[in-house]
Each structure stands twice: as C-alpha cells, then as structure tokens.
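The two complexes that follow have chain A in common; it is paired with chain B in the first and with chain C in the second.
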Partner chain A sequence: MERNQLVSYIKNKFQDTVTLLESGKGESFFQIKPEDLLVFSRAIRDDERLGMDWLSCISGVDTGERFEVVYSVASVVNRIRFNYKLVLDYDKAEIESVQKIWPGANWHERELWELYGINVNNHGNLTRFLLPDNWDQGHPLRKDWDAPDFKRMPEK
Partner chain B sequence: MGVIKKLPVYLEKIPGGNIVTTTLDYVFSQSRASSLWYLLFGTACCAIELMATGASRYDFDRLGMIFRASPRQSDLIIAAGTITKKMAPRLKLLYDQMAEPRYVIAMGGCTVSGGPFYYDSYAVEKGIDHIVPVDVYIPGCPPRPESLLEGCLTLQKRVKRMKIRDWS
Partner chain C sequence: MSEAQGLHTKEFTLNVGPHHPSTHGVCRFVLQMEGEVITSVTPVIGYLHRALEKICENRTYEQIIPITDRFEYCTAMSCNMGFSLATEKLAGLEVPERAEYLRVIMLELNRIASHLIWFGTTSLDLGAITPFLYGFREREDILDMFEMTCGQRLTFNYIRPGGVSKDIPKAFIPVCKKFLDAFSAKVDDYERVLTENPIFIARNKDVGILKPETAIAYSVSGPSLRASGVKYDLRRDDPYSIYDRFDFEIPTRENGDCYDRYIVRIREMRESAKIVRQAIEQIPEGPIRSKVKMNFKPPAGEVYCRVENSRGEMGFYIQSVGEKMPLRVKMRGGSYNQLQVMPVLCVGHKIADLVAIMASMDIIMPDVDR
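Let's look at the complex of A and B:
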C-alpha cells in the first residue's frame, strides 16, 4: 500500500479514534486517546489490509508538560509501517500493556517504565531492566530528573 | 614473593649487597616490562583501535604484549571504552582478580573523564579513576594506535623504574 492510500485508509476506517498529525515525507503519525489503545492496536493487527504484526518500538517523550508514548508498528506481510501516539498527563502517567497483542512489548514497556516512570498496567513483570540493580535515583529520562553527579550541558 | 621482598632488608646490610639487589631489580623490571600481558577489556569503540593495535600492522606483540582472556593471567587492563555505572562493579571485580603487580591504562576520553558523556548522562561513570587506580591516561576519541603504543611505552618506562623495595 502506498503512503497516501495508507493514510486515507486508516483515516476512513478509524475516523472516530484517530487524528492525523503528520503525513509528510517521513512516516505518518497518528494520535489516539489513551483509552482507545487496546481496541485500536488489536484492530490494526487483525485488519486484513493492514496486518500490523510487528511492534518495532515504543518510545517515550517528556516535553516538560506532558508525556507522550509513541508506538511504531510495522507489517512484515504488507510492507507498511506507521506510528501512533498517546498523550498522558504528568500526574496520571499510566498505560495499558499491549502484550496480549504483541508479546514483544514486554521489554519495551519495562524500559519505558524504568526510564520515564510511566506505569504499565497488567504488565506482570515490571522490574529493573537496564539500569544498575541497586539503582535508587528515580527515572532518569524525565525532564526534572537530577542526581548529585549529574551535570547538564551549560547554556552558551 | 615474601622472601624476595625481604631480600633488600638483609642484603643491603652486607657490604656489596647492593650489587645483588640492583641486579635483581634490573632483571625483574626488565622482564616485567617486556611481557605486559593485557586483559581483553573492550567495552566500546576504543576496542576497535585496540584490535587494530594488536593486529599485524601495528603489532603489539613486538612490545611483548599479548592479549589474555582471563584476569588471572594478565598484568594490565587496557580499559578501552565507556564504563557505565552498571559496568563499574565488574571492572572492579576483574581488577581485584588480577595478581600483583597490576597496571591500568585508561584509554580514550570516556575512561579518562567521561569524555563526550560528561554532560547530560545518567549512566556513564565519569572517569575510571573513581573505581581503580590508573597508571597511564590516553586521551582521544578514540586514540590512534600510535597513541596507544606511546601510552604502553610510557607504562613500560614506569615499570622499568620499579624496585624490589617498592613492591606492595
């Protein structure tokens, strides 16, 4: 499927769940509401023309005011890929686990929780992943994170 | 080693004993300096330069430096590459497993001071001298094989100056 076809197909099929953010030269970005995550993910995996069978990565973004969680999905069969993201409040940073849909999400979600402190419901094994085992300094990729030996790049 | 360590204490009281101790000093330090076997410890891109130095073009072997895969057989750690906070206890463990005398070369900016990861990094140890004592620092990102050879020659000079009475 061409990129234009893909964008219009998704816009038509999920018109009450997704908003199109970008479909320029790069990959297309959609935004969905956090409560639609499981339904939408299952729908794009089971859809015959999309068939997104591979969750290639989950990224976290801290803008300073809110969190964003970006899911990059691809279809090996249909050779397409796109991204969709959720916007979360700082106080209520939690998402549902998508392991039932893509089992490979397990490690991505552990990393997301460890580095951003975004809670993943129904994950099952939300434990220390990449940081040292005795780490006790919080979630280091947050904008407001600080530690005694941590130095920010000085402003010019 | 205990006997040899006490040699200078007794020998230097005897007239002419100095000749024995200085000769022993010479023999020991020369043989140590010419067979500095190093532990394979490449954690990042500096390891590429370390491999290049070990290969035929730069030929580490002519300095008597051969790589060992076990800390128990090696005299020297060339810490080639970024040491993260998670890796730091492992470096300490390997250093502790080596037999004395043991030496450490900090190769590349990351091991000297944190280098390119000095700012904005939560994971990188800012210099391995926080963990183990370092004999020679080699800056560069990564250092050319020539710099590494220079660093090893510097270490050899240092080893050659060692005397039996200084042994720990």
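Let's look at the complex of A and C:
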C-alpha cells in the first residue's frame, strides 16, 4: 500500500478515532484519544489490510506543557508502517499497557514509567530499570527535571 | 533424573554478571536454576546508561552526530546514518549522489566489521580462540579504511545531515578492492573452522529456538529474525538511501536456533561485500555534501526513521519545535528487543546454553542502555 492509500484507508476505517497530524514530515502521524488506545491497537493489528504485527518503538515526549506517547508500528506482512500518538495531561499521566497485543512493549513501557513518570496500568513489572536501584531524583526526561551537575546549553 | 533416584533439587538463584565476558558489555542475569536447568531469567540492565537521550535534548543537530556514535559503537556508521536520515526528512535536506554511494560503502563495510566482532566473540564464548583472531584480523583492514577516510576507527562522526564529512582518498578504492578480492576466501576459512565443526554444532544446533511468531511479537529484528524464516530486511522492505540499486540476497534460515543465526550472519557478510563491490564500481564523481547551514533549525514536526544495522532495526524518533536543538530524540536499538526475548529462549536450557544464546543473538549493551 502506498502512503497516501494507507492514510486514507486508516482515516476511513477509524474515522471516529483518529486525526491525521500535520506535524509528520514525510511520515504518517495520527492522534488518538488515550481511552481508545487498546481498542485501536488491537484493531490495527487484527485488520487484514493493515496487519500491524510489529511494534518498533514507544517514545515518550515531554513538550513542556503535556506528555505525548508515540507508538511506531509496522507490518512485516504488508510492508507498511505509521505512527500514532496519545496526548496526556500532566495530572492524568497514565496509559494502558499494550503488552497483550505486542509483548515486546514491556520494556518500552517500563522506560516510560521510569524516565517520565507515566503510569502504565496492567503492566505487572514497573520496577527500576535503566536508572540505579537507589535512584530518588525524579524522572530525568521531564523538561522540568534539574540536578546540580546538569547544565543546559546557553542559547547563544 | 533426580526424581528417579528419589532426590529433589532445591531451586536456587544464580547471578551471572554484570562483569562477565559473555555479556558483551555490562549486563546481569538473575537466573532461577533447578540443578543445571534454567527455570527463569531476569535480565538486569542499566549499567551502561549514559543518558544519551537527555544529552541530545541539549545539543544542536550536528553536535548529536558524535553522540549517536556512542549509542551503538560496533556499527557507529548506521547510527550516524539513522540520525542523519531522520534529520534530513525533518529539515528537507538533499543528499548528493556521490554521498549516497559513500554512505552505502561505509555502512556495509561497517556491517562486515560488526559481524566480524560477533564472529570472534561468539566463538570465544564457546571456547574457540582461533576464530577470534581471524575475525579481528580482517576487521583491522576495514578499520584502516575508515581511518583513511575520516581519521577514526570506532566513532566516526562521518555521515552527516546532507551528506558525509569527507571524501574518500585516492588510495581508498584500490585498498578496498584488494580487501574484497581476498575477503571471500577469508569467509571460506571462517566456515572451515566452525560450520562443520562437531563441537560447534553440538553447542548450537537446536539451542535457543526462536519461533517466527515469537520473534515478530517481540519485534526481534535483523539476522536473528531472518534466521527464524522471516524475510524482513529494512534495506529491501522499508527502503532508504540507494539500496534499491544493488543486487543482493537476503539470507534466511528456517529453524531459528543458534546455528541458523550463525549461518545467516556469515552469509550476510558475503552479501555486504557484494554490495560494496557494486557501489565502488558505480560511484560517480561530484559533491559530497549539500549546503547545510551551521546550527540549522528544522521546521517544527516529527519523524520516526529506521535503518537496518547489523543487529536489526535501529530507529530514531525526533521531534522538533523549530529550534536549533531537538525537543526529543528517542533511540531504538536492535539489541533492546533481542535482550527482552532472552527469557523466552533460555527457559529449559542448561546454563552453558545461556552463553551460546546470548552470543548468537549478538546483543551488545550500549545499544540497550543508551
């Protein structure tokens, strides 16, 4: 499927769920509501023309105003890929685990929890991961994170 | 067996690593053992965490290239490539023809170099010392070629957004041709040492079988995936750069055990050599880098870009807000998911097989920990 076809297929099929984002540069980015995550993920995996059986990556983003969680998925069978994201408010930073759909999501979600403090429901193993076991300095990938030896580059 | 004698083995916990030669970096496993049989595996990672993603948020795009070198230092070229591709998409940069060829030559040579490390360390882990020396002998030739081109042997900072940093010197192509002419016979030598070796086969055949559906569910990529019979190579299936112009095979095997992963990687080295040969024959003259402003600011937007490196899918997610520094850079390495599937592969095997499986998956830790 060509990219244009893919985009229009997804827009038609999930018209109540997805919005196409303008921000994708040469890539397809959709936005979905956090509560649709599980249903949507399962639907794109089980849909025959999409068959997104491959979870490349889950990236968290802190924009300074809110969290974003970007899922990059692909299909081994159909040779296609696209990305979709959730937008989360700071005070409602929680998502559902997609491990039942893609077991490989486990560590990506653990990373989200550890580095951003986004809570992952039904994950089952949210424990210290990349950071030291006795880490108590918060979530380092948040934009407001600060530490004595962390210096931002000057603007000029 | 113990039951037959009316004896029971008490389950116990065994710690492997972090400083264990077979963990290729610093990785720790907490194993539950019943006698010599593994009943559960918990990988403990983070010993090499250098906060690269956080550092990237505080650097300009050009300053990030040397940081990506450290992300996966066995194939630093493809790290440069992945990040440059993503940045080019984001900023809409063109890449001159000659630069594309130079990139492919370097990427494939780097893939061979990385597979040679794997070849050497795998056999070392399994107790054979000679292949290690063989592998590092040829790798040395490749590193010399890199040094000739960009002055570096491990962290190249060579592929940049919009092209490459330096052209190859005149002496490069003869040296490279000489290397390629000799290389096929060298791979034959490697195969003569291991492929038919009864000890090697006994250690690897039917050990750590990765089923294709498990591999896909865990997003295991690269040679480890192709050894399970899934013909999925991003150079072909999600094409980037100019890979569509070359004629090469994508080796696959059916069984998905350690031995198949070995065969796939050996064959891949031959295929990479084939690509390099075609590229040095076709390479045109011309500029090597398009005009890129210092501290350029890509327009606001986001991109996820992936390349096939020697360990599988290497992806870069970049989000820009139109500043000279990215808002977010996420790095996804092949080893991350390969290590994640280790517990599935190891349960039921003997402890010595853990080493064989780890070696055959070609996991290195900087890739996982970032």
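What we mean here is this: the second predicted complex is superposed on the first by the 152 of 156 C-alpha atoms of A that agree within 3 Å, B and C clash if a C-alpha of one lies under 4 Å from a C-alpha of the other, contacts with A are read in each partner's own complex, and residues count from 1 in each chain.
Here, a residue touches a chain if its C-beta (ideal position, glycine included) is under 8 Å from a C-beta of that chain, and two chains touch if they have at least 3 such contacts.
Keep in mind that this is a model prediction, so the values were computed, not measured.
**Student:** Which holds for A:47: it touches chain B only (first), chain C only (second), both, or neither?
**Tutor:** In the superposed model, A:47 contacts neither chain B nor chain C.
**Student:** Between chain B (first) and chain C (second), which does A:23 come into contact with in this model arrangement: first, second, both, or neither?
**Tutor:** After superposing on A, A:23 lies in contact with chain C but is clear of chain B.
**Student:** So which one touches more of the residues on chain A, chain B or chain C?
**Tutor:** Of chain B and chain C, C contacts more residues of chain A.
**Student:** Counting only touches as set out at the top, which of chain B and chain C does A:36 meet: first, second, both, neither?
**Tutor:** In the superposition, A:36 contacts neither chain B nor chain C.
**Student:** Given the touch rule stated above, what does A:55 touch, chain B (first), chain C (second), both, or neither?
**Tutor:** A:55 contacts chain C only, not chain B.
**Student:** By the touch definition at the top of the document, which applies to A:149: first (chain B), second (chain C), both, or neither?
**Tutor:** first
**Student:** For A:140, is the partner it touches chain B (first), chain C (second), both, or none of the two (neither)?
**Tutor:** Both partners, chain B and chain C.
**Student:** Mind working out whether A:132 is in touch with chain B, chain C, both or neither, as first, second, both or neither?
**Tutor:** In the superposition, A:132 touches chain B and chain C alike.
**Student:** Could you give the residue numbers on chain A that contact chain B in one complex and chain C in the other?
**Tutor:** Looking at chain A, the two contact sets intersect at 130-132, 140-141, 152-153.
**Student:** Would you mind writing out the residues of chain A in touch with chain B in their complex?
**Tutor:** Counting only chain A, the residues touching chain B are 130-132, 137, 140-141, 145, 147, 149-154.
**Student:** If you look only at chain B, which of its residues touch chain A in the complex?
**Tutor:** Interface residues on the chain B side: 85-86, 89, 118-123, 126.
**Student:** Quick check on the complex: what are the chain A residues that touch chain C?
**Tutor:** Residues in contact with chain C: 23-27, 29, 53-57, 59-63, 68, 70, 72, 74, 76, 79, 81, 83, 102-104, 106-107, 128-132, 140-141, 152-153.
**Student:** Touching residues of chain C toward chain A in the complex: what are they?
**Tutor:** The touching residues are 45-46, 49, 51, 53-54, 58-59, 89-90, 92, 216-220, 230, 232, 237-238, 298-306, 313, 315, 317, 319, 321, 325, 327-328, 330, 332, 336-337, 340-341, 369-370.
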